[in-house]
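Pasting the structures here.
Shared between the two complexes below is chain A, which has chain B as its partner in the first and chain C in the second.
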Partner chain A sequence: MIEVRNLSFSYSNVNVLDSISTTFEQGRIYGLLGANGVGKSTMFKLLCGLLTTKQGTIEIDGCSPAGRKPSFLSKIFYVPEDFDGPDMSIANYAAGVSQFYPNYDAALFARLLGEFEIDVTRKFTSLSLGQRKRAILALALSLRTDYLFLDEPTNGLDIPSKAEFRKMVAAAMDENRTIIISTHQVRDVENLLDHIMILDKRAVLLDRSVSDIQKEYWFDVTVNAPADALYVEPGLGGCCSISRNTTGEESRINIELLFNYINSKK
Partner chain B sequence: MNDTFDFGRFGKLFLYECKNYLPLYIKGLIVFSAFIAAMWIATIAFDFSFPDRKEAIAFLYGLAVFLSPYFVYKSVNDRKKGYSYAMVPASTLEKLLSMSLVSFIVVPVAVYAALTMTDAFLYMLSCMGMGRFTGISVYNPFVALAQFDELPFGNAMLASIWSISTGMMFNAIFRKNKIIKTVLFNMAVSFSMVIIGAVVTAGFSAETWNEIADFLNNFFEGYTPEEMFALCNTLYTFGYLLAISVTLTITYFRIKRVNY
Partner chain C sequence: MEYNEHKPIYLQNVDLMQEKIVHGEWPEEERIPSVREMGAMVGVNPNTIVRSYQLLESQEIIYNKRGLGYYVKSGAVERIRENVKKEFIANELPQFKAKARMLGITKEELIELL
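Let's turn to the complex of A and B:
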């Protein structure tokens, strides 16, 4: 489990995170959402120990990431938004990196690369951005680390690859893993997430499971805005709205609408 | 799991780094070998003969070895690319030792082998009537350094390691324009030391100088010139070992605490 307590971080004089407290539990896929510059990538770097906390604490399975201990590092993997890759073939890179991760599944890696249509003998430097992204995502999922941090994983992926990505992440999930996905492309991961966290510089604006959100809110598209709507946006085919869920039934979450609603309340 | 040092994990890391940086080594070796090839072409095209090819090769060797940390471990503290190095599940001690082995042994051996083999190959062509390379320039860097600085072999080797470890340290400290900043930093330190030395000694009276001379005379009294030389070399050895320890310690903490 990841426990973040009163976490504050700033770059020089620019305050990025301010007294953030939250937990990330095992067996869940978290969607980390927020406007540009609220500190989503910074949060990932802090979770990986790539940045040192200035105030507050982070503990992952009781271990502080900033120590960068091998036993901790072999439990996590981070895929940044821009992954250039080294000047070597995917096969060689995977062979080198995977030996440090005890749960690596070589057969899964081969299968995922096949599904992503990536030739393992090709060098990273000869691949397009989307292909590099697919290759590193395949590796990230096959390392089978307890914690996987994906920063904008669907950026650069074509439409079939996005569908493959969703399938792969869903298949890779088990009760011992925690996957945190930061993205602006919320529609790409809409059906994948089981917990949504909306981050702001000053606070965590929303930190709820998808089922809790569905129990509390009703998402609808109607010709006219409902009178009791909490938030309305014009959309194709009418008005997209959020209302209180009074029926007890569950509607499909429109994450973009939810994000805008939560941000409008701050 | 031992989080400080594990021999198996260190071995994996060392081999991983050797393999990971192989394309870079090859490119570098080709570039430096090309310089010798250029010398050889000059002998054919312009009938130019190099009086001391060995010194040119020695210079190339020194340049390649001392600059290698800046190229091989260039991205170690890079905000964007350095994360992959930091996240390799190995301890800082293992990373430092692997970096030291690569910089102190792998690169020097590879550069030495490439330069000598290129030279030997071109000499072979010369024997076949092409060019005028006379004899293979088998160059021993430590013997050459020892001759140059009048240092014993062991101290020459330590001097070489110290230079490389200094490169490793500055490479880990500076994020951009590493080589220029290293040169400027060293110049600034040297310049400051000269000025401080001049300012301090300017205030010395003739009496103080005499006292210093007396102290040195008393200190070395009874020593033969050979013994004095041996004592100085021992002091050099300790000095180099201390300097290497300091640079490696700074590199260790820099690698451990660098933010990305």
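Let's turn to the complex of A and C:
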């Protein structure tokens, strides 16, 4: 479990996170959403010890990431939004990196690369953005760490790769893992998420499971907005609206609409 | 798989599973994919898939053999047909009737078209 308490961070004079507290539990895939600049990537870097702060604490399984203990680092992996990769082959890079991860599954890596149609002998420097991204995502999933942080994982992926990516993540998930995906491309990953966290600079605006959200809110598209709607946006085919769920039935969550609603209330 | 805009994903997955059972792709008294395998097939979170399995289990469409996995219950095809038929009559038919009325399609025309 990840426990974040009163976490603050600023780059020289720019505050990005201001006294944030939250927890991330095992067995869930979190969608970490937030406007540009609220500190999603900063949060990831703090969680894996790439950045440190004196304000607030982070504990992952009781360990502080800032300590950068090898036993702790072997449990987490972070895929940044822009991964350039070194001037070496994917095979060599994976051979080096995987040394630090005792749960690494080489056969899984080979299979995922195959599904992504990536040749393991290629150098990162000879690959396109999307190919590099596929290579590092395949490696990240094969390291089988307890914690996996993916920053905008579908950026740069082509349409078939996005579907492959969803299948790979769903297959990789089990009750011991925690996967946090930050994204603005909500549609790419919405079926993967079972928990939504909306981050703002000064607060976690929403932190709930998808099924709880569906039990509380009713998402609909109608010709006219319902009279008791909490939030309405004009859209294709009518008004997209969020109302209180009074029926006990569930509708399909519209994460973009929910995000706009929650942000409009703050 | 194409997902419908309005129905929750776990219910859309129930529809998919019921189709496989009705079409005989998953025969009665045979094992079906595990929750994780199903999640990986469709690219959906396993916790969402669990809800589909729970619903189908409560409707006696599938059952869990301890340590072996989920199996299609005998008589499942018949029960699915009954359930879906009830749903069709309650939800889809009224919409269909309303549309036919709006378009001024007569009963005779409808029978011919069907």
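Rule of thumb we're sticking to: the second predicted complex is superposed on the first by the 266 of 266 C-alpha atoms of A that agree within 3 Å, B and C clash if a C-alpha of one lies under 4 Å from a C-alpha of the other, contacts with A are read in each partner's own complex, and residues count from 1 in each chain.
The rule we apply is simple: a contact is a pair of C-beta atoms (placed from the backbone, for glycine too) under 8 Å apart; a residue touches a chain by one contact, two chains touch by 3 or more.
Bear in mind the structure is a predicted one, so any value in this text is a computation, not a measurement.
With the two structures aligned on chain A, chain B fits next to chain C without clashing. Contact with neither chain B nor chain C is seen for A:K54 once the two complexes are overlaid on the shared chain. In the superposed model, the vertex angle chain B-chain A-chain C (Cα centres) comes to 150 degrees (nearest 10). Contact with chain C, but none with chain B, is seen for A:A170 once the two complexes are overlaid on the shared chain.
When the shared chain is aligned, chain B comes close enough to touch A:K69, but chain C does not. In the superposition on chain A, A:R202 makes contact with neither chain B nor chain C. Of the two partner chains, neither chain B nor chain C is touched by A:R187. In the superposition on chain A, A:Q214 makes contact with chain C only, while chain B stays out of contact range. In the superposed pair of complexes, A:N92 makes contact with chain B only, with no contact to chain C.
For the three-chain overlay built from the shared chain A, the minimum Cα spacing from chain B to chain C equals 28 Å. Residues 3-9, 11, 36, 39-48, 51 of chain C are the ones touching chain A in the complex. On the chain A side of its complex with chain C, the touching residues are 27-29, 163, 166-171, 173-174, 191-194, 210-211, 214, 219-221, 250-253.
By the touch criterion given at the top, residues 45, 48-52, 68-71, 73-74, 76-78, 80, 82, 84, 86-88, 92-93, 96-97, 99-101 of chain A touch chain B in their complex. Per the touch definition, chain B reaches chain A in the complex via residues 1, 3, 6, 9, 12-13, 16, 19-20, 22-24, 80-81, 83-84, 86-92, 94, 256-257, 259-260.
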